[in-house]
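Sharing a structure below in C-alpha cells format, with a few things to ask.
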C-alpha cells in the first residue's frame, strides 16, 4: 500500500472517530443539528440520484419524504412494530410511489417533467391534508418516542449517522457498476443507451423509485426525530430546498449531496445565531427579519453557485484538492 | 335564487377572474417561446408589480395613473435586469440549472418584498368602480367585472400586436428557429430582452389586479400556480389558446371552490396540470414537435 | 455465405414525407456492406429502423433468422447488433473506460442490490470486464493512453475510436457504423479502415456502414447498396455500382 493510501485510510478513520465521539463533547443542540443534517443528507442523496445522475427533473421530492414519514408512523401507531421495520416500510412505500411518479418521465422531459412532478407532489400534499381519518389532517400524527440502543438521543444520533454513511456508500457503489452507468447514459442520450441494451423505461422508473426510497428513509427518520408528522413538512418549499441542496452541493456527486445538505441546513441556523447576536441590544423585530432574509440568502446562494461554481461545493472541493495534489506531486515533496 | 342562476353567477365570476390569469399566462408563454426558458419567478414578478403600484400610489402619493405607469415601467425594468444579468449568461446550460435560477430569483424577490413592506396583507386602494354589475338577477362584483373588461381589452390588444407588428413577427420567428431568424437579420438578443420586458409589464398588470381583489402580500406569487395550469392547458406554444384556457381555468376554480370548498379550489390547478401532462403534454392548442435522432 | 441481416420491403414515412420506400437489402455474414447515397437519401433512417427507433409502416427485418421488428430497441443488442452514430453518442459524464463498459451492459448481471453492496460478485464482474476490455479492445484500438480520461475534451478522431471500441466490446455479430470516418484526416481514415478490416478478419464481424468518402467505401466494401430519395436504386459489387447510370445521376443531380 502506498503512502497515499495509508494517508487516506487514516483520514477516514479519524473522521469516523470524530463522528463517534461527537456526542461526548458536543452540546445537545449540536447533536440535534447533526441528526438533522444526517437526515437531510439521506434525502439529498436520493434526489441527486434522480436529478443529478439520471437527469430527471423532480420538484416533488418532499412528497416522497412525506410518504415515508406517514407510512412508517402509521405502521408504528397501528402495529407497534420496531423502528427498523418502520423505516423499511417507509422506504418501500416511498419507492412504490416513486415508481408511479416516474411514469410521466417516460413521455415528457425537462421543464414539462418538472411541472408534472410539481402537480403530483401537490396531489400527495392534498391527500395528506384531506384524508383526516388516516393522516390526522392538518394536525398530523404524534409520534411516540423511541430509544435507540437504549441510549436515547445519543443512540438516535448514532443510528442516523450510520444510516447516512451506509446509504451514501451504497449510492456511490452504484456508480461503479452497470446500474450507475445506465443512469448516466439515460441522462445524456437515451437513444444511444437503448441501442446499448439499457432498458430506458426501467432505468427511469428505477431512478425515481430509488431516489424516493432514500427520501422515504429520511421521512421515517424525520418523523421519529421530530416526534410529529404533519402536511406542512412536505410542501413545495421543502422540495425546492432539497433541489437547492443538490445543485449547491454538486449534481451527480455523493460528496456534493453531503456538502449541500449540510450547507443548506446549517446556513439558516447560522443566520439566526448571527441575527440574535447582532440585535441582542436592539429592538429589531427578529422574527420578521429572519424569514425574508433567509429567502434572500437562499436565492442568492442558488443563483451565485449556479453562475460561478456550476459544479457546486463538490466542484470547489475538487479544485482545492487539485491544487493540493499538484503541490504534493512536486519532486522532493512527500 | 334557484340553482341554475347560482351556477351561472359562479360561472360568470369565474370567467371574469380568468382575466388576470390570461394576462400573466401571456407573459409566461412569450418568454418560453422566444427563449425556451420557463420563468418560475413569474408569480414573484406579479407580486413586485403590485407592490410597486402600492408604493407609487400610497407611499409616494403619485396618483393612480402615474402610479400605474411607474409600476409597469418598473416591472419591465426589473424583468430586463433579470434577463440580462442572470439568464443571458446561462444560455445553453441544462434545464435543471435554468429552473433553479428562476426559482432562486423568485426567492430573492419574495425576501426583498418581505423586508421592505413586511409580511402582512396590504389592501390596495379602491381605484376600480365598486358598483356590482347586474346581469338580470345575477350579481358580479364590480372589481371583477372591470378587471375582466380591462384585461380582455389588454389581451386582445396584445395578441393583435403579437400577430401583426414587426416585433411580434420577430418573436415568432425566433421561437420557431433561432438560427434562421438570425440569418434573416433579426437581432435575437433584442428579442429575448423584449419578451422579458413585455412579460414584466403583463406580470405587473396581473399582479395589480390580483392585489386589488385579494390584497398584496409577498406570497402573492402563489397565485401563479393557477397561471401555470392555464399555460399547460393551452400549450406552451400557443398565444391564442391562452385566452380560452384562462377562461376555462378561472371558471373551474370558482365553480369548484363554490361547491366543494377552498381546499379543492386550491387543488384544481394542479389537477389540471397533472391531467394535461398525462393525456396531452403539448396542451390543447400547442404544436407537436418531432424529435429527430 | 449466408445472409445475416435481411431487410425486405421496408417503408417509413414522417408525416407525409416518405423517408424509405420499399427498401430491400441483404447483408452477407462476414462481409463489409456499404450504404451510400446523397444527403437525405434515407441511410440513417434505415439504420434507425434496424436499431429500433422507428417502426416501419411496412416490411420485415430479420437478423440471423429472427424477426427483430418485434423486439424493442433495447432488446436488440442482446442478439449481437452494435452501432455507432453520426454525431458520436458518447456520454460526457464518464471516462473512456466507463463508456466502453457500457458496450457490455447486456452481458453484466449486477442489479441494484448487488451493485449497492459491490463487495461481492458485482465487483468481480467489474474487474473481469475491465481486464477483458484491456485485452480485447484497448490495445486493439490503441486507446491505452486515454483509458481513464473523461470523454469531454478528447479530440474528435479519438472520440470516434472510443465509440467503435464501445461497439466492439461484446464482439458483435453485426456492426452498424454511421459515418465512421466523417471529419477525419487522411491518416486517421486509413487507420480506421484498418481497424474495420481487422474486426472482420480476426473476429468474423459483419459490417454495415454508411459513409460519404467514396474512395474509402469502394475500396473497403464487398457489397454496396445505393439509396436515393428513400428508394434503393442499385446494389452490387463496388465496381458495378460505380458505373451504374442511376447512381451517377443521383450524385450529379438530374440535369
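So that you can tell them apart, the chains are marked A, B and C in the order they are listed, and the count of residues begins at 1 in each.
Heads up, the rule we're going with is that a residue touches a chain if its C-beta (ideal position, glycine included) is under 8 Å from a C-beta of that chain, and two chains touch if they have at least 3 such contacts.
Remember, it's a predicted structure, so these values are computed and weren't measured experimentally.
Trainee: Please name the chain that ends up farthest from subunit C once chain centres are defined by their CA atoms averaged.
Mentor: Checked the centroid distances; the maximum from subunit C is B.
Trainee: Using the touch rule stated at the top, which two chains are linked by the largest number of C-beta contacts?
Mentor: A-B
Trainee: Counting in whole Å, what is the centre-to-centre distance of subunit A and subunit C, each centre being its mean C-alpha position?
Mentor: Roughly 41 Å separates the two chain centres.
Trainee: Could you state the distance in Å from the CA-based centre of subunit B to that of subunit C?
Mentor: 49
Trainee: Quick one: subunit A and subunit B, Cα centre-to-centre, how many Å?
Mentor: Once rounded, the distance between the two centres reads 33 Å.
Trainee: Multi-chain contacts in subunit C: which residues touch at least two other chains?
Mentor: 53
Trainee: Send over the residues of subunit B in touch with two or more other chains.
Mentor: Residue numbers touching two or more other chains: 293.
Trainee: Where in subunit A do residues touch two or more other chains at once?
Mentor: Each of 191 in subunit A touches at least two other chains.
Trainee: Show which residues of subunit C lie in contact with subunit A when the two form their complex.
Mentor: 51-53, 72-78, 82-83, 85, 89, 91-94, 98, 101-103, 105-106, 108, 110-112, 115-118, 122-123, 125-126, 166
Trainee: Going by the contact rule at the top, pick out the subunit A residues touching subunit B in the complex.
Mentor: 51, 55, 57, 59, 104, 107-108, 110-112, 114-116, 118-120, 122-123, 126, 129-130, 191, 240, 243-244, 247, 251, 288-289, 291-303, 306-307, 310
Trainee: Under the stated contact criterion, what part of subunit A meets subunit C in this complex?
Mentor: Within the complex, subunit A touches subunit C at residues 170-171, 173-174, 176-182, 184-185, 187-189, 191-200, 206, 210, 252.
Trainee: Could you please specify the touching residues of subunit B with respect to subunit A in the complex?
Mentor: 38, 86, 89-90, 93-97, 99-101, 103-115, 118-119, 218, 228, 232, 263, 267, 270-271, 273-274, 277-278, 281, 293
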